[in-house]
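Structures incoming, each one as structure tokens.
Here chain A shows up in two complexes: once beside chain B, once beside chain C.
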Partner chain A sequence: MAAKIKYDAVKAGDAIPTVTIDHVSRPDFVRYAGASGDFVPLHYDQTFVEAAGIPTVFAQGMWTAGCLSRCLTDYAGAGQVRRFKVRFARQVWPGDTLTCRGKVTGKSEKHGEKLVEGELEVVNQKGETTVKGNFAVAAA
Partner chain B sequence: MNVSLSIICERIKRELGKSRRLPVGTIRRREFERFAIAADDHNRLFFDDAFARSHGYKSAFAPPLYLSSVMGWEAGPPQESLRADGTPSNDATALAIEGLRLMGGGQELEFHRPVADETDVVMEFSVTNVEFKQGRSGELLVIEVQKKYLDGEGRPLVTCRENFIAR
Partner chain C sequence: MPIDKSIIGKTGKPFTMPIEWSKVREFARAIRDLNPVYFDPELAKKECGGIPVPPTFLQVAAFWMGEDSTPTANFDLRRILHGEQDFEFLKPIFVGDVLTGTSRIADVYEKEGGRGGKMTFMVTEIEYKNQKGEVVAYARGTLVETGQAVGG
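Right, the complex of A and B next:
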């Protein structure tokens, strides 16, 4: 398989490619609802969320995680991701601009495969972390 | 402890260690392509067989998060069968949390092999932990489940450990 990164060339502290999502919108959530089957109305129904005491709809957590995973598929190759862990820390609202970023924290070998490990986060335009995570990807 | 939370916690504890094997069905290219576009990920490995083969894969394959992100593998539940929070009441993986609101807390995923078009998939589902907690905004349950996705030959594709907050 095509590993895009060379194990020996990677070092702790290296940044991985950043993905920016400009102006998150409600149609993003609706499109994702259709593709994932996540039809929880908190993500698209204004009347429903207001009745629940929430100002407006917000993104599905796994939509934001999917955006974050692009950092890894761009960095290492889509078939090279071995571990991906995310924790949802804060809601993503329509109008937000998101920056998905990460850095290498170490390297290891497992089952004869060379792995690059690191941490990830999604921050909004206020600098608040909305998703936090870590990863392992295979390297050549 | 809130009585209903207590009852629900005990009900879920009775499910611990019990594994259910559920058919997901056959993975279809158009569906994972839609998923990739919904996450704004236009990686050619998800769309282009020739490109995928030139990179050492047998064919195009699904985005890594596809299996663990899709919440239903049927055509879709009828509106009247949805709970008030919009989740299906008759889903085989539905947790017995009637009356509570369920929020995803995160996922931990291990990827074992790419998931290609026409792969037959089954899921082994189990509840692995449930804890009662006192959060900043009141009492809640933290529920952990494991979903292990296997291909038709029983080989692991993706292992997902997921946690939810119910309140």
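Right, the complex of A and C next:
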């Protein structure tokens, strides 16, 4: 696929498109469990989590990471992501609203390909960071 | 329980992961990504050369990995956190590809945590090759076993 971003036009500090995830809910976690095969019961089994001393089920980290990855595919095009690394900082709970955003930090060339690099984060409605990340995407 | 460093380097039995359109579009919908390239094969062919996969799709390997493909530590399910996940893509992956994944324990270590007490970390790396034998991706995951329940 033709890369959507032009290497020469990109500079450090550029923001990448924000993705908003409104009203996180239990069906998101159940749908993701089915789609991904992640059946860790912490994410859908209320009885299990209460027995473990946790108030409610919470999102699979990889669900939130998947939502965050949309920033990159929206920005650079599907199939253009070369590196996507996430660190999970805080749980995402039912009822949360998430803002997925990022910015460019640098550019480089690797294996003859022009890459744009940057950092990412997911913040909840209280401004708390739930996921932090880094990326590299291919540019034209 | 003391950590068992001897599991570092342990490799699982290679597993097969067919990249199927039904799973790809189900996955895209689950992460609320309605990008038409996941849903319209003709458009995807024109724009991408095939139906691509979302960047985190390889996580679906959980479906295809049997126990003998998954070298692991004996972690307590109630105390597990997924700490980090890192995907590196070297070649395109399209619907119709058949990948072979091999999982390896890259590292195991302990750290003193905050509220969670002592934490044990396990880093697993899965190498994916396509049907042509080319390495297409690496997926590195860090699992953390905390000293107490994770959500409190």
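The criterion applied here is as follows: the second predicted complex is superposed on the first by the 140 of 140 C-alpha atoms of A that agree within 3 Å, B and C clash if a C-alpha of one lies under 4 Å from a C-alpha of the other, contacts with A are read in each partner's own complex, and residues count from 1 in each chain.
Just so it is clear, a residue touches a chain if its C-beta (ideal position, glycine included) is under 8 Å from a C-beta of that chain, and two chains touch if they have at least 3 such contacts.
Nothing here was measured: the structure is a model prediction, and the numbers come from that model.
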Simultaneous placement of chain C and chain B on chain A, clash or fit: clash
First, second, both or neither for A:A140, with chain B first and chain C second: neither
Contacts of A:D38 with chain B and chain C, given as first, second, both or neither: both
Which superposed partner A:R82 touches (first chain B, second chain C, both, neither): both
Partner chain in contact with A:C67 - chain B first, chain C second, else both or neither: both
Contacts of A:I54 with chain B and chain C, given as first, second, both or neither: second
Contacts of A:I21 with chain B and chain C, given as first, second, both or neither: both
Set of chain A residues, in rising order, touched by both chain B and chain C: 1-2, 21, 28, 31-32, 34-38, 40-42, 48, 60-63, 65-67, 69-70, 72-74, 77-79, 81-88
Partner chain C, residues of chain A touching it in the complex: 1-2, 21, 28, 31-32, 34-38, 40-42, 48-49, 51-55, 58, 60-63, 65-67, 69-70, 72-74, 77-79, 81-88, 91
Contact footprint of chain A on chain B as seen in their complex: 31, 34-35, 37-41, 43, 45-46, 55-57, 61, 63-65, 68-73, 76, 82, 85-87, 104-111, 114
Chain A - residues contacting chain B, complex: 1-2, 21, 28, 31-32, 34-42, 48, 60-63, 65-67, 69-70, 72-74, 77-79, 81-88, 133
In the complex, chain C residues that touch chain A: 23, 26-27, 29-33, 35, 37-38, 47-49, 52, 54-56, 59-63, 77-78, 80-89, 92, 148-152
